[in-house]
Structure formats: structure tokens, C-alpha cells
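Letters A, B, C and D mark the chains as written, and numbering starts fresh at 1 in each.
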Amino acid sequence: MTRTTLFQDLDALLEPIGDGASIVVPTETNGVAMAATRALIRKGVKDLTLVGGPTSGLQVDLLIGAGVVSTIECAAVSLGEFGIGPRFRAAAEAGRLTIRETTCPAVHAALQAGEKGNPFMPLRGIVGSDLLERRPDWRVIDNPFASEGTHDPIVLLPAITPDFALFHAALADVHGNVWVGRRREIMTMAHAAGRALVTVEGIYDGDLLADETMAPGTLPALYVEGLSVQEKGSWPLGFADAYPTDAPHMRAYVAAAKSEEGFARYLDEFVLNRAAAA
Amino acid sequence: MTRTTLFQDLDALLEPIGDGASIVVPTETNGVAMAATRALIRKGVKDLTLVGGPTSGLQVDLLIGAGVVSTIECAAVSLGEFGIGPRFRAAAEAGRLTIRETTCPAVHAALQAGEKGNPFMPLRGIVGSDLLERRPDWRVIDNPFASEGTHDPIVLLPAITPDFALFHAALADVHGNVWVGRRREIMTMAHAAGRALVTVEGIYDGDLLADETMAPGTLPALYVEGLSVQEKGSWPLGFADAYPTDAPHMRAYVAAAKSEEGFARYLDEFVLNRAAAA
Amino acid sequence: MADYSRGELLATVLADTVGYARCITVGAVSPIPAAAALLVRETAAKPVDVIILGSTRHFPFTDGGREVFDFAGRGRIDVFFLGGGQIDGAANINLVGAGPWDAPKPRFPGSFGSAYLYYLVPRVILFREEHSRRVLVPKVDFVSAPGSSPPEVHRPGGPAALVTGKARFAFDKERRRFRLVSIHPGHDLDEIVAETGFDFDHDADVPATPAPTDAQLAILRSVAREELADTYPEFVRDQLAGPATAA
Amino acid sequence: MADYSRGELLATVLADTVGYARCITVGAVSPIPAAAALLVRETAAKPVDVIILGSTRHFPFTDGGREVFDFAGRGRIDVFFLGGGQIDGAANINLVGAGPWDAPKPRFPGSFGSAYLYYLVPRVILFREEHSRRVLVPKVDFVSAPGSSPPEVHRPGGPAALVTGKARFAFDKERRRFRLVSIHPGHDLDEIVAETGFDFDHDADVPATPAPTDAQLAILRSVAREELADTYPEFVRDQLAGPATAA
């Protein structure tokens, strides 16, 4: 049930991602593939579009700072308690970044349209906000189900079908199935993309789909294009119950990334120097 | 996190269901609450609308035969290898049943609209079929995202928001959370209804939401209005790995239900006589 | 003809209609298409995923009943099998009922997923064992799903073939008509014409459907037999002759 | 004023704005609203569900990040808290950036769920500790979500109150203006007027915000302290004085 080349190294995992690709990624601490993100920077790819699912943080900030990402569709870029992403802010203020303004449920809904092959999905709210001005690709129609003679504007969002979903999960089995557990938005992302590139903490000994306890939280191998085992693959972000966010590192990142020079030093130390970054 | 009156008897569980209520139920062998269905017949409620999720079988056939259900929205009524539902067929041929013709993904999509509070959901297919003639509540619009100057008809389905979801599941905990496992359409049904009435095989000792292995397959208590422990609650239908369909009983049902008299005898023996039916 | 069962023959005919596929999906209560899909998987040059609704082992989805339709909507299912209470010469199918909609005789179970999958799956194989004027009608009484659609309708999919207990047809999308491809052993053209309620194209000389090869029978009697035992025990027992009786 | 922390005061003010609720939901990185929600739950006459995004213990959803929005779309969330980089006198909120959209200074993180939840949740409490003309502006530079909508727009929800580090306002839906309800201890009307960039209604004599009661403090320092320790360890340590120091 799979044609995955199982358990590759990071370079092989990321091989399919070329310049200009679009990638959907999960929200901070929900399975962000940070080790793979560093490898993506080392790979030297550019002009990526990053779709946050629905928000993003350190991952997109690093990718923006490193010149890898030129377009984002995120409901917010935030490092949570550590503040806004410094490189995101700098790029946005300098007009160096294409920002597709959105709102959390719009990302969820457009990915659901994507997973279905639907051209669009309706969503309440939004009408009268300035998001509409920034999203000429969104449409407002009169709800065809409103009572006769009434006018009920509703937004239609075009489907999002990213080229890839990239995320970190707890476990994968040798068949290519991936256990994402309760983080089910990852499943929608993988369905919408059709091609998931996944790093995992470890290998599950058995068939995740054959175990009725594990199956409900399992992304089937049908959607999985590549797998790589990366212990602590979300570091310095936290991951599930396995490890917390490395708060001192996050504070150091935010301090460094306030300036281009500081960010360049961070890249050198933690990303480009493979020995230190692994 | 719950206001459920936990673990009632069947009569208390079904107490909220009044004449004219609409109920969504899962497809054959995916958790059909047959013990509760028999209790519903004994309760003497009428004019129910039954939404199959998306098909139904023995359950709706019994309810139609017993005069409990007057409207159905099912993509099919089939007892699988045992054939079409005899009471469904008889009622349909006699024009005694209101049938809202539909197709499997339309039920799924309309329930998803329902769970979101969206007024509608688009769906591909259907255009040009006679289903549209029988569903004046469905609309065909031109896809607003089609290329300029092209005409791309697409169906919009109004949301389905049943009054209740009624189903059988493996486990519930004392907080009111219900483990449905891989049968996730049940979760969508419960979300769309908002009020789930659930029978379970047994009680889970612990908090299903606090266990990261169980949580992915758990319907939160937020949606659960009532619970009743019913061992073999799907009989004579099978349930998951727990027990198979009782094939001899199914064959006996189909033979009996071919005639009104035979069906009446079946009701007497297996439904109305509590001692035999429990 | 004594060397194979009717189910084995039909499975090989269905397998022959599939063509190139990466993913074949089979609906519930469809043992012969399921066997055909496994046969294709075992003989294809490239990997083929086989999804069998109603099976636990061959059902890889975890997002509820909608996932198979979502998967099809994304163009990920190449081949699906559909039946029909009535099928007409334009490949319209009726799963709702014969006669007027509000007083059918008989009522059929309902449209299932046909009004969607018939549009979205590139190659839909129609399969109905009964080959009679009751089933193969001039015009269906209710269109659960049409055999073709105007060009503006989003329709990447549609009918590719029709297989019955007596013959195999191909659907010509341009002409919107069936063409008789072969007649199963034991039947002839006169019988096919007599029992088919719609007009169809055919050559003067219609070949016989080839019998299953030894290699095909070996697969059906080993891999398919083993993998379908859980889902279709009676079919496996009655139709897929075991190794002991196959010699 | 020495007997309670700033966080404790603001939690009680927020709790007072909630009113009757069956379900209160709190966004991520919002410790004070989370404490307020637990305070309401502990003092309400009827059961209240408290959902805290970012918490494991107080997050009962299992259908991905969309479920909280679906839940709100069904009218199941009665109260939500929103912030804003800018908030104006008509309760429009801006989470996107100050200045022109394509050259903001500063850029804010983004709209999060505001462009949806502000419409769907019946009572949205605006909360921003900083009370300055930088935040409370005459007119926001970007409308992430408007404070009110024309009658034809489906909008069961909207702003109910605004709480800052200095004062509490109520939003008058008819007049589409804020009214000053009370001023927190240590501040006065002149300061509020000076630091607020928009016009608002107020009586000549504006009452002081009441200090937290002993009963409120007891709940914050026991139940809230215990239940928020995992999600907000620093807030709990710094702002919710433990039993030992509370006396």
C-alpha cells in the first residue's frame, strides 16, 4: 500500500522540493519539522510559498530570514510567549515578503476544500474586514439558501492544494503509515497536499493501520512520499509530551534575529554548520 | 467538561427524542445502536426523519416497518449480502415513505457543513442526474472560480443538522467521552447534531481525552447528551472486531419481513417482548 | 469450461478491462471485482494499490467514510466498479427504481456513491451478472448518474466498460454507445442481442471471451483466496477453487 | 492594592464582563483571560465549560485545529477574548500592522481567528493591557475584524467589553461606541482621556474598579493556580500569589 522509499536521510527526504514549491506546515509545537527546516535552508532552495496551518512561528521566521520563502499564507506569525517573528517583521516592514493575509478558519476550510478536490469552501465571518481587500482571489456571493428576497453575503475561499506537507510526527511504521495522534489538522494538510514529507521521532514496530487503537490517529501511507527518522526533530520547538520548547534557545534566537547580522550568526552556528545543527 | 447524565437505561437515554425529530445514524456494522432502536420502537415515537450516514440497513428497515420513521435521507437502504430492506422496499413501492434521494458523499458533505454552521457545501458530480429533480433544496450555481467566460455548474448542498445522532460505540468514560476509534464519520455526525445519544459496549476506566493513544479516536463529552451501556448493543448487526453480524438472524429477518404479517411477528418476538429482545 | 468457476472467469474479464491503474477501488458487497483488482495488482508491471470497501485489511483510510470520496475527488482513484438496477445503451445507470419514481416496481436500494464516483473516477467498470432486458434497458427510468455529460460539466471520469454474465462491452465515449468486445463461453451473439434491451455496436464476428489462464487461476486461488477470506468467506469457498481441486 | 497582583485584578475584571455563559473559550498565550474563565466557572450558578487553547488539560477537541472554529460556528462558544495591535472607538480591531499595509510599522503577527470569531461568538471581550494612544486609536489602519456589521451580514456575535490595564469599557451596540464603566485603582479619568485615542461615553463620576474579593483571590490562588501551572508556569509563579504569601 505504499511506494515510499522508507526512512531516508534528510537530503533525500527533501529532494522533491524545488524552487517555487508550496509547502503546508503545522502550527508551532504541533509537529514542526525543524531539523528538516534547517536541512531545507542548507539545500539552498528558493521562492517557496509557505502555508501555515494555520499559524506559523520559528519555522517560517527562519525560512524568511534565510531567503528561502518569498510568499506566506499564515493567519499569524508568532513565537507565542517569545513574541512576533523578528525576521518576518523585518521582511514585512521592508516589503520584501508577499503576504497572503488570512484567518485561522479560512486556512482550515481551504485545506478541506483542497483535500476534497472541491474548488472552494464557504466560510462565515470576514465580510467587511480588510482581509477581503488583500485577497482578490476570495469571492463574496449571496448565500443561495437565504430566505427569498434577503441578501446574505458569504465568503467563498478557493481550495489550497500545496505541493507538499512537511511535518514531524511521533511514529511511522515500515509500511509508511504515520501516527499523528490528536494533531489531526496534519491529516488534512497531508490530504490536501497529497505528498507528505515526514520526519518522525521513532519507528513503530508493527502495522499502525492494523492496530485499532493506533489507526484512528494514523495518516495512511497513501499520502506519504518520504520519511526520515529525526530524534528531537522539532527542537528547539517542543513536541507533544516528548519534550518542551527550549525556552533559553528561543530567547537567544529572538535576541539574535532582531538584526540581520545576529540572524546570520545564528544561521552559521545552528543551521549551516551541520555538526552543531544536527 | 460534561453535563451528561451518565449511563442511563435505554428509556432515559431516548427520552429527549420526540415525535418528528430527525436522527442521523451510522452505516450498517459501523456502530448501529440496534438495542436502542428496538427501545425506540417500544417508546412509540412517530414521524421521525432518519438520515443515514450515508447508507442504512436493518435499522431503518425496522423503523419504517414499525411506523416510526416517515422520512429518510439515505444514499441507499441495503442489508448488504442479505439484500434490500424488505420494509423499505414495500413502503417505497406503496408511496408510504418520503425519500430524500441522495448520494453518499452528499450526506458526508452536508453533515460537514452542519458541523461547521456553514449554510452549504459544494460537491462535484450530481449535475445531470435525476437526483437534482428530487432535491429542489439543492442548488446548482456557476463555480465562481472558473476561468473567465466559462460555465462550470456545481451543486451546493444545504447543511444537515439533525436533532440527534444515535450510535453504538466501544467505550465511554465517566466524564462522558466516547471512543469511536476509526469510525470517524460518527464524530462528524455527532458534531452536526450537537446532541449525541450513545450506547456503548463497556466503560473505559480513566479519561479518554487524557490518554494520547485513545484521544485521537474519542468524541468529546461536549457533544454527548446521553449514554447507556448495552453489551452487544449492535446485535444482530456486527460491531467492529467484537462480534460479527448474526447471519442466520438476518436471513430470518429478511424472510419474515417480506410480508407485513411476518414483520409483525418479528416485532412481537424480538422487539416488543422486552424479555426476548433485551 | 469445467476448469474454472463463473466467478473466476468474470474476475479475469473485469481484470482485463482495468488497463493501467495505480489505485483500484472496489465498493462493498463486490467479491468478483475485488478478486479482479487483486489479480491486476499481482500481474501489473508497476505497484497498484487496491482498496476494498467493507474489508478491514484493504481499507487504508482513517478519516471516516468521506475519505474515499475525497480521495476520488483528488483524482487518486483510477478505477472503480459500479452496478445498476438498470443500465441503458448510453451508459446511464439507475440504482433507484424501475417505473415511476413515486411508485417504483421494484424499488432499488438507492444511488450509493454513484452520482459522484461515476463523474470523478477516470475508468468506471460497470458490472452486473444478470444480463437481461430487465436490467439492460433502452432508457433507464431514473438517472442515478448519467453515462456522459456536456463539455462544461467537470467530469474527468465515466464509463469504460460493461461486463455481464454473458459478455463484455466497451463504452465508446465519442459515440456514447457500447460496443460488444467478446462473448463469454456458452453464449452467442443471437442470445446477446435477444437479451439486451439497447442497441450496441458489434462486428459481424465477435470473439469469444478468453478463458482464464493458468497463471490467472493460480493467483485467484492463492493470493485472492487468502486476502478475501475474511471479507467474502462464501465467495472464496464457492467460487475460488482451492489448490486441492484446481489440479 | 498591595494585597493582589495586577494579573489578579485584571482576571477579576475580565470575569465580571463575562455574564452568563455555558462555554468560555480562551485563545493561546492568554494567561489572564484563562484565569478569568476559571474564576467564572468556579463561581457560576450553572456548569460552565472552559476551553483553553494551548492547554492540554483544557482542550477537549479531537478533530484538529478546525474544531474550535466549527464549534463556534455552531454557536457553542458564548464568550471569547481577543486582543489587538490597534483598537478603535467603533471596536474595530487590527492585528495586522500600523501604517500602510504594504509598509507597516510595526507589522503585527496577523489576524489569527479574529476575522471569524469576532462575528460568531456572542460576547467577545477585548483585552489589551497596554492602554495608550498607540493602541487605542481613532481609527485602525487595517480592519482585521470590524466592531459591527450591516444588518444583512450573518453576525450573531461581536464586542461586549474592552478591558485594559487602566480601565473597563462596555460596548454599546446601538451607538457603536464604548462607554467607560470603571477605572482601575491608581488611575483617574483625566489619565484615561489623555491615553485613549478615541472618544468614548462616560458619566461625570466614573466609579473605581472594585478590588478582587477574598473569595475571588482564594479561587485564583488555588484552582486557577493549580490548573494553569502546566500551560502558564511563569504567570502562575509571578502573578497568582500562592497560599503562603496571600495572607
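What we mean here is this: a residue touches a chain if its C-beta (ideal position, glycine included) is under 8 Å from a C-beta of that chain, and two chains touch if they have at least 3 such contacts.
Predicted model, so just to flag it, every value in this text is computed and none were measured.
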Exercise for review: Identify the chains adjacent to both chain A and chain D in the sense defined at the top.
Suggested key: B
Practice item. Consider the two chain pairs B-C and B-D; indicate the one with the greater count of contacting C-beta pairs. Key: B-C
Revision key, fill the gap. Greatest centre-to-centre gap (Cα means) from chain A is with chain C
Check your understanding: Centre to centre, by mean C-alpha position, how many angstrom separate chain A and chain C?
Key -> 40
Revision key, fill the gap. Distance between the CA centroids of chain C and chain D (whole Å) is 60
Review point. Can you give the whole-Å distance between the Cα centres of chain B and chain C?
Key: 29
**Study point:** Interface hub residues of chain C, defined as touching at least two other chains
**Key:** 62-63, 69, 73, 120
**Study point:** Residues of chain A whose C-beta touches two or more other chains
**Key:** 109, 112, 116-118, 123-124, 143, 152, 154, 182, 184, 187, 215-217
Exercise for review: For this structure, give each pair of chains that are touching.
Suggested key: A-B, A-C, A-D, B-C, B-D
Exercise for review: Spell out the part of chain C that touches chain B in their complex, as residue ranges.
Suggested key: 28-29, 54, 62-66, 69, 73, 95-97, 101-120, 142-146, 149-150, 152-154, 234
Point to revise | chain A to chain D touching residues, read off their complex | key: 27, 30, 53-55, 74-78, 80-81, 84-85, 88-89, 92-93, 95, 101-106, 108-109, 112, 123-131, 134, 143, 150-154, 182-188
Point to revise | Sites on chain D touched by chain B in the complex | key: 47, 49, 57, 60-63, 67, 69-76, 120
Review point. If you look only at chain A, which of its residues touch chain C in the complex?
Key: 1, 3, 115-118, 187, 191, 194, 209-210, 215-222
Study note, to complete from the structure: The chain A residues in contact with chain B across the complex are 109, 112, 116-124, 139, 141, 143-146, 152, 154, 156, 158, 180-182, 184, 212-217, 240-241
